[in-house]
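Several structures are given next for inspection.
You will see two complexes here that share chain A, one where it goes with chain B and one where it goes with chain C.
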Partner chain A sequence: MPDNNVAIENALPRVDVRQKVVGSAKYAADQYRPNMVFAKFVRFPYGRGKAVSANVEKARRVPGVLEVDVRIDDYQEMPGGRIGHIVAESEAAIEDAIEALDLKFEHERPLTDANLEKQYNGPKPTGNHEAIRAKFKDAAVVVEALYQTQVQTHSCLEPHGSMVDHRGDEVEAWASTQDVTGYHDGLKGRVGNVPGSKVVVHSDYVGGGFGSKFGLRAEGSLAAQIATKYKRPCRVVLDRDEEHLDAGNRPGSIQYMQLAADKNGRILGGKVHCVSVVGFQRGGGGVNNPVGGLYKWGDIEKSEDEITLNFSIPRAFRAPGWPQGVFAVEGMMDELAAALGMDPVEFRQKNETSPRRARQLQTGAELVGWSERKPDGAWPGRVKRGYGVAGALWPKWPTPCEAECRIARDGTVEVRSGVQDIGTGTFTVVTDVACKALGLDRSLVSGLVGKSFYPPGPGSGGSVVSRSLVPAVREACANALKQMVAIVAAEWKVAAADVEYADGVFHSKSTGRKVPWKSVCGVMKDSVLVAHGKWERGWAGESDGSSDCVQFAVVDVDTETGIVRVRKIVAVHSAGEYVNRKTAENQICGGVTQGISYALFENRIQDRQTGAMVNADFLNYKIAGPVDIPDIVPVLDQDDSDTGVRSLGEPATVPTSGAIGNAIANALGVRVRSLPITPEKILAALEPKGASA
Partner chain B sequence: MKAFDYAIASNESGALAALERGYRPKASGIDLLDLLKERTAAPDSLVSIADIATLKGIREEDGGIAIGALATLEETGAHAGIRKHFHALAEAAAEAATPQIRARATVGGNICQRPRCWYFRSADFNCLKKGGPTCYAVEGENSFHAVFGNGPCHITHPSNIAPALVAFGAEIVTVAPEDGGRTIRAADFFMLPEDGGIMKENVLKKDELVTEIRLPAAVAGQKSGYVELREKQSFDWPLVSCVAAFNGTKWTIVLGHVAPTPWRAKGSESLLGKAAAITPEIAEKAAAASDRGAKPMSQNAWRLKLVRAAVRRALLLADGKEID
Partner chain C sequence: MKDRENEGTLPGPAVFTAPHSRRLFLKGMGLAAGATAILPTVAVGQNADAETEEIPGLKILGRGEQKVTLKVNGASRTVAIEPRETLLNVLRTKLGLTGSKEVCDRGTCGCCTVLLDGASIVSCLMLAIDAVGHEVTTIEGVADDPKNAALIDAFCEHDAAQCGYCIPGIVVRSSALLDENPAPTAEEIRQGLSGNICRCGTYTKIFDAVGSVSKGGRT
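Moving on, here comes the complex of A and B:
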């Protein structure tokens, strides 16, 4: 039975670091072919309305334009709504055709963020605690608050897109996808009569997915349609503004909480009302509050609702629903601790569900210098330092995965699996696990992913890839070694059980003979030896597969300007056994960086009159840059119970905004309960009560 | 992007000849490329002035400093004479954008760049500045728009160096085919919307080219300080910037990124009088007067607090004091 125990823990650079740094790594958007056509969606730019006229004839006459399709009077309810497409010999011709179309629109006042307060009809803090006190007789304190989070767009560095090459009897596609197998499933039904076995999908390098690159998507669908029609390669790659409008977002939220705790600091329970702020189609919200398993919440009465705005549907976004929920519940944890006059770490320890996280709270507190923390608002001077903490966990989602080990006569090894590397280091994981399993170094072993003809593996969702892939790779390698041992045993005319293998050398226990790896490969009957490995749910390595983490933040807040500088994040994560230190730490640092950006900067802004997104770029849609990223201390926390490879990608971004929100509140002595925490909100919070702005 | 003719001028007269024929000038093209990509600008023809040797470099002459229109922000920020005598200008140049952009962006381009208003920059809005009927910021999203100035267009001027040029009494030298060119005081170069600066932000004519920026001879006791406040510390447009400059007899306080032009904080200036030395108390009082004449919009009054902070700090820095 395979398991996923890998105590490799090397610190080598990722295998594709050179290709990525020098630019030789080719992404889907880098794929150009002779005779290729370009296609692009025609989009409605405002929140609600329709195109009322288009000069389609003029657009068709633009040199190089092959096809113009625009739907007039097709009512749209989101900026970026697709109302047609253009196909042309060049991107420039498409631009000219859009100009020539001279689209005219009619639009109505949309629902945007500006209308949120009017739409929210859930409970608000009133200071009336009679009902909750009647329910919880032991309540020493009751705390009540309304938290809000913004809409964050996916903003993958590599835009969404596909290049589909239809050659009549076969199809080849290059896709920016986080699910090669799922993309292949979607594509094979949309390329005419070409059978699925003649449809090949490549996803060699992917510049981020975060949950927004599952399935064929509209871009892949359009590329397939046009390639099939013209029997030419077709490229569809989104622009940056299309990325913001139609490539996915983390929905916003409004969260009302009223919680009671007893005098010993035990949470008794209370009320939670969560409203997801989603797109016009409804759905896709799902705020995770209270966060089950994070603390002992007691008896919680929960209700949920939705507010729809004129924008696109949310997509899964790195731990969907979690950062929103954790920002609010960790804020409430500090508010409860303050009401009880208790230290926030001590209060968490009292309500902690996980011994592992209890340990991480201690480790992190020491590393961050928690003892330097002053009471809320008590740091002297204009620039106030604050310390904050937040935690998270990540469940296990066992997912089947297959891999194949191929050994060639020259001694080189390819290990293949139909998963993909969305920037996380999957090439490196496959390579290093295979190296370990085969007793070889990287000079002989290539870990390969991202092709639809490789054995199927899971999509990159739920942080399942490494944990499902590692046991499959180990199994494939173990099966390959068995065949190699059989070859040696046959040569030496000994029983297979007599042959041992370690570190590139086969050895007979009875005769003492030795033979190196390459010599055995050289006498293989077939040119390639192939062995399979498979991992399925319920197999070994999943006895306690969840991940836990705690993050601490240190911030300096300038009380004159409201400008926040995050100085340090200590991120203590358990992820079982890790394969490669650099990629594991990189996952943590990336998650923390995205969390800082979410806490302080990122925010979709729609014009309240028209619904157009006014910051659909990388200048006004603010994302943390190098100077905004502090000293991040990733800690890979382990103990004897931490067996197997576990999830790391998603939990890494979950607690960051909560820790920063708490650190800012500690610095200021007042709390901003709304993300992003901007200078404007901080200055408003510092305004003396009753004073006008 | 619309196709366009492209010419390369090797000297000023060649550039002027092209401008007369309707070509638009391009130096490093940093702002222009954005405008083209956004479809905010669609010129038929461009002339590159990037190779014109007479527009390059920084010279010290007659006690003053002449900065060629093609001198980069990086050169300006690092120039020893500018750092010494016009410190706030060097700081403003050195803080702009990113190292990559500062290595290419020219001072001429910096003062002539178009505003960053997100309505102006979006093809989805036919705003006043593009000849349209209305300023969408008034009823829309105006948190980052002007807090000073009367409209009807509410942009903030995007130039990082412009406030320092106004504060130091710099002159902008131009060439033009008709009258040979002129010398314009920086304070007169930028135009408020109410003075005709709606479709453009300065007094340049279509066929007129900035050749250099002249800083006057430094005087004894001259000192200056620069502060810019940003939400992000990497590559973000300032929420407000401030230059405080003392010319030996009086203070000039100029704000950036808060009005359609560099904006004199006259309330602060009059309060300071002729006091050369800045105490924390004086800085505080001058800062408190900085919002005189402010006309904040529906969402941006909060930035007046940042104006106060920037004025206070710029004064203290100018006088070599710690910001407490």
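Moving on, here comes the complex of A and C:
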């Protein structure tokens, strides 16, 4: 692992942090232009039904309104269904036009709740274990349970949106996208006769994506359509309500599991039935249960189904399908351990597939103070402390990526790639990897991403960007250095092999001559030296294998109020070579924070009569805030097997809810198997015990 | 101004407890501010021809744009605004100050936090017209104030930003917090920032940044 110990000590702040801190970073939603028009969708507010009347003429007469289009009798099956749009000179005029429309709706009772009694047809715990015991003769214990997870919305703080400026023969767009190359592909066919080469997309700063900002999407499409029609800049940015309704969600789940283990703590196998709770269009679900590769599951028989509700289709959400699966399987791990009378960490060690995670279990247990853990429900007093653990892994999906290294005569370097930074630190990854590859510091090197005219790179999904980008950047820099060496060799009339380069100085092995970087740049023939780098799966520089992690949680649960305070999360992550300690730690802490939010707070709620989402805001859709944040201890775990950059962003959020669920069960002595784990559910779980006491 | 003085503070905390109805809220603001304007009801989403509130001593402006002078980041800026426009909207769309972000538009996320006469408020819950006669300081002004140099540096040094969309509001609020309490404890920092949310989950770095200034001195 040649680079690891140097890179991990790189703790410079991200290169674009100051612009973000002082508010000068311009996001797509910050793009305002003179002569710009605003467009907004007209939406159906209920779960099922249609608009039956609209005063379109009155809306068109509102001063400043350019265009009103509403489809009457267009049957909708989700709140937020798009039934038209308004174009106007200002947002205020759009507001007036919507009011003037005086929309009237007819709606029917929709499907809004993944109701266990009415809509779930899968197996439920019956206590009948004859079949599984017949199959697994060595079964010492059998555990069966039903787990449920809620629907979560992405809730990116920067809403989805675009500003498209059509200037007749060229188009420039500012997009809040996590795939600038893909967005360009989508936009270029929708702007009239302007060729793709004259269509430029910027996504310099993106206010969060989390999986929901791929492609042109309806917002980008509308902005392109209106900008093309009026040949004016057009801004389409969703409001918070629209964000919750029509900008993606993590589907809910119902998971039945029945597992058997032998007396030595070895899992033998069992049955898993997973139901995804998805939107009316079906699809977009999928629960990763049993989590392949996490433990030795034995012989599992799996079946799947869907429940469709009157809501929008799910979108990829940071580790799609994983947090819901891990919450359930890690709960089952603890239930099996309890049935066997084994310690949860010891039980995991017996079924672990990864030596790396086996080590992480040990490291984490020491850091979190696992030895303080008491038997389930045994913590004395009203506020009970609990300890929990959960693990995860993340496979590799290496994706082709290109980069370009440009060296100028003044010695400055730009390294460009058509990937994007959605808060993940990609600007910093390019910059710091290039600095290291070129032996220069940040004063000379700029890593640049987020433009459609840079060499194509992957979208920010599957945690593939860093692991695909780093070898491409290294290749581009290595190719640039070869050209620089050739310049020096020609100048000194020596063979290229005679010239060595390190830390900003070229030197000849035969003559001992030395020349610094900037002097060589100054004598370059061309004003800019350009070198290309490309990387694909199987090429040199491919990082080795999956990412592994284990997280431990410590919680305090007030048994009278049901309120949970997460006190500490220890997050031990291996992601191969780290480029920058600060950005890596920030990714882990962020994943953990979203996991806390998923475990305890977030929940989409629809009105059962109308299907309207009742908490499509940030007042009633609760996201973890400052007072909910525990002491988070990120541990960047490495060993000799670590070569290359692996994935980090998604695995960081996968195990948190499982660890918290287990910690709460340890504190209480009873288990809540349904997310979010609210005070109400905790008090309900405690009730039978309290009643008998 | 008398009513506001009696309340003791500017509408910072008060906005969080205001009635959720925007109409009631706007009426309340107009009265509390003793402002030069009261909205015609159209401004709060009702028919222009319906009842118009008659409140003695208050001049009615609108509908349509009115010229007002706002004092923002130390400079007087004259802009044509509609009485219904929020301070946030005017800052972003008419004054080019896009550091304040529109995220929830209901005072629940803190991303549009600005200072009004030195106290933090959420600018999405204040009408621009009610800011007339007051000093507005946005993140752009907070960042330029030498008093905040150490705070800004601390946010940078601690890498206290991921996507960064919440950060300007959090920096403004942190600056106000340090004015209110120059040496907050870790718990006081959490409580003091509790009106701000960060979706990426950068909180721990934010706490570290504010805490380092609290310990190390502000300038």
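Couple of notes before you dig in:
Following the convention adopted for this analysis, the second predicted complex is superposed on the first by the 672 of 693 C-alpha atoms of A that agree within 3 Å, B and C clash if a C-alpha of one lies under 4 Å from a C-alpha of the other, contacts with A are read in each partner's own complex, and residues count from 1 in each chain.
Operating definition for what follows: contacts are C-beta pairs under 8 Å (C-beta built on N, C-alpha and C of every residue); 3 or more make two chains touch, one makes a residue touch a chain.
Predicted, not measured: the structure shown is a model, and the values here were computed from it.
Of the two partners, chain B and chain C, it is C that touches more residues of chain A. In the superposed pair of complexes, A:Val627 makes contact with chain B and with chain C alike. Look at A:Asp432: by the touch rule set out above, it reaches neither chain B nor chain C.
In the superposition on chain A, contact is made by A:Ile605 with chain B only, not with chain C. By the touch criterion defined above, A:Glu99 lies against chain B and chain C together after alignment on the C-alpha atoms of chain A.
When the two structures are aligned on the shared chain, A:Cys589 is found in touch with chain C, with no touch to chain B. By the document's definition of touching, neither partner reaches A:Asp179: not chain B, not chain C. Contact with chain B, but none with chain C, is seen for A:Val614 once the two complexes are overlaid on the shared chain.
Residues 92, 95, 99, 619, 624-627 of chain A touch chain B in one complex and chain C in the other. On chain A, the positions that touch chain B within their shared complex are 45-46, 92, 95-96, 99, 381-382, 560-563, 565, 600-601, 605-610, 612, 614-615, 619-620, 622, 624-628, 678-680, 683-684, 693. Put simply, chain C touches chain A in their complex at residues 20, 45, 82, 84-85, 89, 92-93, 96, 98-106, 108-109, 111, 138-140, 143, 152, 155-168, 171, 189-191, 193-194, 196-207.
The residues of chain B lying in touch with chain A in their complex are 1-3, 39, 116, 118-119, 122-125, 136, 139-141, 143, 229-237, 239, 301-302, 305-306, 309, 312, 324. Touching chain C in their complex are the following residues of chain A: 13-14, 16-27, 29-30, 32, 91-92, 95, 99, 155-159, 205-208, 210, 239-240, 422-425, 582-583, 586-587, 589-594, 597, 617-619, 623-627, 629, 632.
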